[in-house]
Amino acid sequence: MNKVRVAVAGASGYAGGEVLRLLLGHPFVEIGALTAGSNAGEQLGTLQPHLTPLADRVLEETSLATLAGHDVVVLALPHGQSGPLAAQLGDDVLVIDCGADFRLTDPGDWERFYGSAHAGTWPYGLPELPGQRELLAGAKRVAVPGCYPTVSTLTLAPAVAAGLVEPDVVVVAASGTSGAGKAPKTNLLGSEVMGSVSAYGVGGVHRHTPEITQNLGGLTDAPVRVSFTPLLVPMPRGILATGSAPLAGPVTAAEAYDVYAKAYADEPFVHLLPQGQWPQTKSVLGSNAVHLQVTVDEAAGRLVAVGAVDNLAKGTAGAAVQCLNLALGYDEATGLSAVGLAP
Amino acid sequence: MNKVRVAVAGASGYAGGEVLRLLLGHPFVEIGALTAGSNAGEQLGTLQPHLTPLADRVLEETSLATLAGHDVVVLALPHGQSGPLAAQLGDDVLVIDCGADFRLTDPGDWERFYGSAHAGTWPYGLPELPGQRELLAGAKRVAVPGCYPTVSTLTLAPAVAAGLVEPDVVVVAASGTSGAGKAPKTNLLGSEVMGSVSAYGVGGVHRHTPEITQNLGGLTDAPVRVSFTPLLVPMPRGILATGSAPLAGPVTAAEAYDVYAKAYADEPFVHLLPQGQWPQTKSVLGSNAVHLQVTVDEAAGRLVAVGAVDNLAKGTAGAAVQCLNLALGYDEATGLSAVGLAP
Amino acid sequence: MNKVRVAVAGASGYAGGEVLRLLLGHPFVEIGALTAGSNAGEQLGTLQPHLTPLADRVLEETSLATLAGHDVVVLALPHGQSGPLAAQLGDDVLVIDCGADFRLTDPGDWERFYGSAHAGTWPYGLPELPGQRELLAGAKRVAVPGCYPTVSTLTLAPAVAAGLVEPDVVVVAASGTSGAGKAPKTNLLGSEVMGSVSAYGVGGVHRHTPEITQNLGGLTDAPVRVSFTPLLVPMPRGILATGSAPLAGPVTAAEAYDVYAKAYADEPFVHLLPQGQWPQTKSVLGSNAVHLQVTVDEAAGRLVAVGAVDNLAKGTAGAAVQCLNLALGYDEATGLSAVGLAP
Amino acid sequence: MNKVRVAVAGASGYAGGEVLRLLLGHPFVEIGALTAGSNAGEQLGTLQPHLTPLADRVLEETSLATLAGHDVVVLALPHGQSGPLAAQLGDDVLVIDCGADFRLTDPGDWERFYGSAHAGTWPYGLPELPGQRELLAGAKRVAVPGCYPTVSTLTLAPAVAAGLVEPDVVVVAASGTSGAGKAPKTNLLGSEVMGSVSAYGVGGVHRHTPEITQNLGGLTDAPVRVSFTPLLVPMPRGILATGSAPLAGPVTAAEAYDVYAKAYADEPFVHLLPQGQWPQTKSVLGSNAVHLQVTVDEAAGRLVAVGAVDNLAKGTAGAAVQCLNLALGYDEATGLSAVGLAP
């Protein structure tokens, strides 16, 4: 098969690095231009030394000129930078945006949470949502979901879609630090995060809240309310999301498990663990797998589900590759693995 | 002041070690017998090398004979072992149990969650609960609260007591690994826990659930429901609890903050952070402090509060010393600190 | 190409799990029997949940019967168990031993450090040593090197072979905890290892000392002396080895670098970093790459070199697969990657 | 006893924060001005939330005006800033410098490693060196040793002083990240350091090399050579130093142990572990203790010793307080503890 040439904008960051890690193992991809902002001109090996085979590649400026001439452009840029750039890329180029710019359908949500003009809405790269896989096949524009929304949505979607719960959900999600990016900040120093857990963006102010609400809202006619609390935990990668909601009526743990088992029976990357086994993030590190479990707390009157993903893999770059495969007509799992790096 | 002689049963475990760490800094305490189970006969220095001044002390068997002749006996034993032992200790001896045996008031709860006969109920060592400080003054028996219940209760108590929320609470609490004890288990190996977050005891089955319910139930006439999910995170110490509940009526974040500020205004160890600053466990490591914050999520219709404690300090051994002080009439803060070890 | 059937003995441990992780990505391998000791009868998914595609596989007893009928048998067993088992496996079966049983050439060394009868010596699976690749081509028995010896040897080999240094070397190597295995021990608990570095096996008593001495001894006529100190550091995977030795004569850092560059110019997995860039273990996690750097400390009169490997990958399972490829005539890099999982 | 008023310059950094943590527990100290550079004007609680009792204190500008009027001034400033400031502080004020400015006796060493004019040399705050305690008694100026030099020196001093070894030493020291300070840098992000060990400053270029050489050089007439390699390991605090040197003549491990035992017999903070037990950093976290062990590797012909300290406590702030006590005539251990925070 002919290879497609893929450019990666933002190759010096965590998302861009993970896209490259995966593309290096993709049989139908040739890696083209690697671009960056302030790191342009540097060798990739000094910034991403784990990408050994690309150590000698030099980063170019992110611009129309450097991104031109590729079959696919993956954007791994800070929020707000994808919109203007994407507008200038040709309609025949597959553009996959790992940023937030094109995820939200409601311009008001965008403006409220991101504080700038809404760039638009692209096909949403979560193939596991009903009808989404069809939208992504052959698409030329894809908005990769946020990491928290990916796991939060998949953790609660079957329960909401089946009406097992009132759509008044509480999600507390613990994330590794790479989700906060590679820009140096005091509160992200190793000295600060090791040995500590903290909460942030509490009270509905985290930007991923409207995205989770939008995803779950597409599964029910009832109005959805989401209480979302992110935690920063001392590990580089991984998110564990705990989701719960009031039971809409009597349901046993076994019945809830069956609903989840059926919902994800044909999904290549969503793995419902055997009943009684709960997810851990280590099992999915570096992989595109989602590990899930669900139960019912009768005394509390709630369904409780837990999901684990790698925020950079299935939560970002893995989803980008999965969508690339769907958009270009490859097998959806090409270049992706459901095997985690443990211990 | 005359010193009291304190024996510590279970001196080779994490709780016992922390009790000793604190007692070494207590001006009115002389450390007496140190006892253990299978580790009896060994030098403390090989098992607890951080307790440098006690390195040469030899562990004795835990028995009536070795514990006799002390003013205070602190029990740091596996659940179920304190009951039989305490029954034989004299009524004039202050017995402080760091285990669960005497915490629950409802024998049915005990039997359901611990699977054995209920040993009884002792004054509950959470002085910050209304009326509790009075019960502890001069007490001869004290049941130290569980680590999760301590922080979960303090995080939600003002909101429940003031009727700000419906007492239908969701708590997700992330704990360091020392809460799981020192007995070697594969799932607690460093190789397993580093780089990973996992959920366990999900769905209302964790033993601390009835204790949290009991504590919050004492603050309201309405029936309390608690959905409690513990997470294991890669750090040795600390718990961060995220608690939320549906608003009972309109309340602003500032009003909720005021309720918390008043509730804890006179507490020496409960520190409500300035509005907008959220707790992190590192700030309370090794200390008896509790750091708290609260807000209101209007869109979700919930009050959300977050609390941080050191599970071994304020969550266990610090509470034991605080109660020792209250029971013996010392200043409540003697030998305790509100300063954490950071970074 | 026809696939070879590979059995893995010791599939529930860390080395066995890593062998399986790599074999799942090997295009010419079909995974056959998975065997274990006390874990026989359990599903792999409960013991190695990261191996998602093999979650339903049931572990069999490690025995001649279960291992029979495979083209390749990989042994990932505790030291001393490979010898008796291997003696019964047919000469036509490729047997790759990840244990220590067949590494040492001197029976006296074996007896002194392992305390039992020497099982023999097999071709040593470090293809990067002079002449070793030829011995491994077509071999039916391979002894996979120890993790510390792999990185320690590669870090110092060019300097010793070229006579830049007196072969009186000092190696201090910091290892993640997975090198100590999956059997639960108190000193390996997460609570113990997180936030701590310790030394162990100090003073020449670690079992990998004679193996390093043997490797370097093959490169020079002078008698080799090795001072080896291992450190346990708070991470699951990875070894960073610091090696130094007295300069045999005047040599500049640039000259030493050139010697290393030439020595490893054709090696697919040994990557000498650009001068001035020092290795970190994160860059090689999950990969078969070795990252190296070397310099000269003129004031101290020593050459200093640093190497990084993943102890489970290139340090164990990656080497096993690399040797499998050589023994069976595949491209040496089949199923292996030089890309690490970072951050 | 009358309290002394102590100002801390650099109160927002790690060293300054640790000084304050210790001073909060010092019975004869009243905490005066807290000053900072760019953080002046902020509340300490937002920058050092673990210092709960000082949360409301506001940082002032570091200047002569704010530091005036104190009995003691502790400088915890970036290297090079102490010199000019100290020159203006009165001779009657006790000035304790946690920086490097006044440690080195050889101006050439200073200029070569720090690249600026030498500020001078003050009494060196390592009381455990022969004769040093006398110099510190009543001193008005103290240069606190570097963290690496403290533990490296104490680990090898008895062997060098007793002539057990040739003074041609190799030190490899693994440090937590707080030693690198609180200024945000990409390579110190939690995402980068967790799960990774790296070497830096290799080949004699680390600034602590001449300080170690100077310390050991004071113990022998022979010229001292030091090969020093620092490692960055994934933990916030602690240094484990591995030191070795060629034996000068026949000596057994027991004889070497005896030399160490005698050398440190009267030291309140240096604790030689029982033979066979090796140090770990966790045992000394937050404490002023140094844990040591020594042995002889006969095959390698080397003495090997290992030492552990908390880089911020005994390695910086603890030494500052210890010297404050000596300078002011308090008991040397006032406000200091030999008990670590573990697990």
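Should a chain be cited, it is by its letter among A, B, C and D, assigned in written order, with residues numbered from 1 in that chain.
Note that contacts are C-beta pairs under 8 Å (C-beta built on N, C-alpha and C of every residue); 3 or more make two chains touch, one makes a residue touch a chain.
Fair warning: this is a prediction, and the values are worked out from it, not measured in the lab.
Asks: As a test of understanding: of all chains, whose mean C-alpha position lies farthest from that of chain A?
Replies: D
Asks: If I list every residue number at the interface of chain A and chain D, are over half of them used by both copies, so same, or under half, so different?
Replies: Same, since over half the interface numbering is common to both chains.
Asks: State, to the nearest whole Å, the distance from the C-alpha centre of chain B to the C-alpha centre of chain D.
Replies: Averaging C-alpha atoms per chain gives centres 35 Å apart.
Asks: For chain A and chain D, what's the span in angstrom between their mean Cα positions?
Replies: 44
Asks: At least two other chains touched by the same residue of chain A: list those residues.
Replies: 14, 178, 182, 189, 191-192, 194-195, 234-237, 280, 282-283, 285, 342-343
Asks: Of all residues in chain A, which touch chain D in the complex?
Replies: Against chain D, the touching part of chain A is residues 14, 176-178, 180, 182-186, 188-195, 234-236.
Asks: Give the list of chain D residues in touch with chain C in this complex.
Replies: 168, 170, 172, 174, 189, 191-192, 194-200, 202-204, 209, 225-229, 231, 233-238, 240, 242, 244, 253, 278-283, 285, 293, 295-302, 304, 306, 308, 342-343
Asks: Would you pull the chain A residues touching chain C in the complex into a rising list?
Replies: These residues of chain A touch chain C: 14, 17, 21, 24-25, 43, 45-46, 48-53, 55, 178, 182, 194-195, 236-237, 271, 273-274, 277, 280, 282-287, 289, 291, 337-343.
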